[in-house]
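The structures considered in this document are given below.
Both complexes below contain chain A, partnered by chain B and then by chain C.
Now for the complex of A and B:
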């Protein structure tokens, strides 16, 4: 059979569908509408998996990797443009993109390499606090601050490398859990870092342009300053997505997968296990640090209360909920976990309880997550020829 | 610093150590039989304390709030309720996930813990605020210089140590203990020998959770206060203690519990800001993990590929 490329229309269709969905989700106010949408999202994902639409979309996406990224990026931009005046909706959207970035980092660590990181929010917090300190005491340009914040998160993470390399499984889980709690407690008692009151962070400035100003478009109304941050967060998330996708396809990704599946066997095939574990752990923490930096500038204020152990659990649940190791699954999962409780005011008080029950149900009845990861496929046409 | 102060710190540290050891023994029991970590354990501790508190409110309504009787009764009520809860948790959340990746079990129990915590916060009357725990033990104390020897601390230490020794005897000497040890060693062979696997697992989870409830009541009586969030840190500390001691080893859990309490006490004495004690203790735990990756007492075993 001749090898033909499939059409890319499924990718476009799914991107449009997702964009409309996200738009409605963020825009609607009525409680019953949001509830219907949330149920609809789960139902749509489920039927997409069940009836093979998802397979078709994924196949098309793997045939056209560049088109996929461009189309989804444009769709996300379109959502931001359409929501331009809505402060709260854009803030949530930007938060979702930042969480997606952190969770993509966790995907490298946990989804590929199998290093469980229960201190995700701590590295996010290290990025945020680095930003606060650098912007307050130095005149480093803000774009550089973001990069430094990521690197600092990676650097501080290297403290954990030795215990992580020597331990496995539950023992390794303890190392990151202990670090997450240590970090939070340290912030609370450290006077230099503002103690429980936290620190103020100035807004981001890129080449003299302040992102904290609303942009006036004359007769078209004004654009919320959160729109600028949403675009920055989107760029960050898109960059992280491309990085993760490229990693997965490369021989590095193959090494990481081998280490997760069986460390001993991987080592006996000549894979340098410590090297790739260090690599995955550090890259993941850097991504969390970048996201933390943007978060700090966007919210203008950071305090230890935003970096609880519970938030780290939230991040791990997003990865598992989306389907461990599938970067595509992170987005709907982050959307559900971050936006749903904010939008459903009725359940506001009960949100953690409902969230806990939801995750329990998913783990119990669909342990592979909403969008399970597919087998790696280097030459998509092989399976069809 | 004189001897009285040191003795005071030592005494407080021992009470903490007993509480931590009771929590850690649960972790090590569960890991022994099923190789799982039940992360809701800390919240079971909290729920045990709250069950006792609710029972006390009930007793007072009935006019039966005599201190000694109430202390015994509410402790038993908390223990019974948590033993049941532990067995139910094992039956409906943990056993069905036996063949899933271990992280899923860890996460599902974490989420169960969160649900438990939130339920207490939302549904216990005024549950989001710290609740005073009734002072049921006689308020006697002996002053020896700077050392204030509180009667209730001594009693709590005795009861706690007694419970740990009791669990140890149960596991080493009784029939069900033999079954638990058999399952821990090799579940398949244990089944072939006619051991009811599920019943042993449920019994173990009941036993561990009962000990957690006792730890919760002890904690409540010692600090005279309970709150819905107290379980998270207690759970993490118990887990740290069990892991540092070596998962699956009962002695390891006890040593780990006292070690953590010692680290906290040293941290509190060493730093002028007492809040640094947890930072210090957890930093030491991370360092210990780097030095002894499988805990202080765990048996070294070659991995099967």
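Now for the complex of A and C:
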């Protein structure tokens, strides 16, 4: 291996490519254009894997972890700027970032620690409802509301900890399924929380600036208020990504992996299995809660129907499609799962069927997902340490 | 090894019993281990050898009896606490995390020496990276005592290693935290005679560098037992039926009967 650092250009190239792709994907509306684009993405991913581009990009990213984050963040911002007037496209983009945040939480829970959580959307919903209640009845600043919403999601998740610690595998999954369904039923019968009609949520205000106002740029046209939410959602997703990456590259990440691969062996080497399971489960649920809070303020209205068991399944399928345990894989998978049904109306009705088939195919033929997780790299240029 | 007969044993087990429902898997076992001693634990299949390890390391809760380590009562502690007190082990069927790197697996074994604070791990990256660098060095040195080629594969996934290297990694994982007692559960399983011999040579060599380390070895190959152990304990149906030097034990009538069956 050469001692000199590899160039970071593959990272930049891939970010530009991804940005252009996302831009087209969100902007184009003709059905055939979308279909061509979707096929093109699959072909591009396949050839990237087949001809070693992916390996080169990953190697460059491993040498320049900070540059990678900055470049991709700037690329995402550029997409938002270029789409500034497009309400619907920006709404979808913001939704993707929020789903990414939830799925990064699931990555900590499932990808690292091996706790299957089929109630992801419930914790997202807890964050949303907490926000609705807090903004309606208190004057707590909105940034603080988001933080509290995340913490409440983590806290309510702790009622599941005891049953989760006592069960494993399928049984633990059943516990979370039951919780997700109970949560929705509870919302529907709770008059305080608006019952089936749901609750209204005011738009986000940060330091006196309302995110629900369109911004006028004079002759350059106006910026959709969804652009502001897309930026907030992007910041949240980027923060979650950095957290997950740091976690992975630490002794804690190692503890979580040890628990997933073999609980008995982990315990035999002093790893406090219950403690780290609680940690992973709670942190993951907090991330879902943060995302739910932003979602509630962005959509202005929340109802039990938005938090279905089916949505939890979509979240899990994003993690599986992207590559369980690889935070980078979550982004393309979320894009596919969230945006494709909106864009391709023919599959809208069949989306659950379609994604179910897709997940089965992935698990059968490429169980590590589209972008398989790599070995843990504790710091930059790890392979040459 | 006459030195081993010191007054105070490092580990003493008194009347240890383990029951699974009506089955008595381990029956009032008495066992002593001294600092620096290498003891072989033998007996036919199902005689309670692995059960003894599992009871010692907190995986099974003993029904009765007492275990003391350096004078401290460790009976019925959880596996985490047993590890922290300085007893480590390997498993009969390898329990490595095969998707993780060799380094990661060793670090699982070094858990008690690693900083587990959430703040350090997430925010004090520089301090953490220094710790990681030190541990890479230590891991390389330890692996080199066993096999130089293996040390160069420190960052490879365990799934790419041959059986003997996996065994070496498992032994190193148990050694890296510098325990007082090492429990080896049939390390020769799945290996050829030559591989077993090589592993034992490595083990004996590394023992020179850890003079106080006491080892208990479960093994079916009597040649190995004869060559490496100071003393043998023979179990049958959960009970100790003989104890002493290999030659004495091998010539014991009860031991012969246990292995070959009574006439």
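Throughout what follows, the second predicted complex is superposed on the first by the 375 of 385 C-alpha atoms of A that agree within 3 Å, B and C clash if a C-alpha of one lies under 4 Å from a C-alpha of the other, contacts with A are read in each partner's own complex, and residues count from 1 in each chain.
Convention: contacts are C-beta pairs under 8 Å (C-beta built on N, C-alpha and C of every residue); 3 or more make two chains touch, one makes a residue touch a chain.
If you're wondering where the values come from, they're calculated on a predicted model, not measured in any experiment.
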Of the two partner chains, chain B (first) and chain C (second), which one does A:179 touch, if any: first, second, both, or neither?
-> first
Classify the contacts of A:169 with the two partner chains as first (chain B alone), second (chain C alone), both, or neither.
-> first
Which of the two, chain B or chain C, is in touch with more residues of chain A?
-> B
First, second, both or neither for A:262, with chain B first and chain C second = both
Which partner does A:86 contact after superposing on A: first (chain B), second (chain C), both, neither?
-> neither
Which holds for A:342: it touches chain B only (first), chain C only (second), both, or neither?
-> neither
Applying the touch criterion given at the start, work out whether A:252 contacts chain B, chain C, both or neither, answering first, second, both or neither.
-> second
Please work out whether A:271 is in contact with chain B alone, chain C alone, both, or neither, and reply first, second, both or neither.
-> second
Where on chain A do the contacts with chain B and the contacts with chain C coincide?
-> 262, 264-265
Listed in rising order, chain B residues that touch chain A in their complex are 31, 37, 93, 96-97, 100-104, 106-108, 110-112, 114-115, 118-119, 122, 232-233, 236, 239-240, 243, 247, 273, 275-276, 278-279, 282-283, 285-287, 289-290, 293-295, 303, 305
Contacting residues of chain A [partner chain B, same complex] | 110, 116, 159-160, 162-163, 166-171, 173-175, 177-179, 181-182, 185-186, 188-189, 262, 264-265, 309-310, 313, 316-317, 320, 349-350, 352-353, 355-357, 359-360, 363-364, 367
Name, in rising order, each residue of chain C that touches chain A in their complex.
-> 57-59, 78-80, 83-84, 88-89, 91, 95-101, 104, 107-109, 111-112, 114-116, 118, 121-122, 125, 128-129, 132-133, 136, 155, 157, 173, 177
Chain C contact footprint on chain A (complex, rising order) | 243, 246-247, 250-252, 254-255, 257-258, 261-262, 264-272, 279, 375-376, 378-379, 382-383, 385
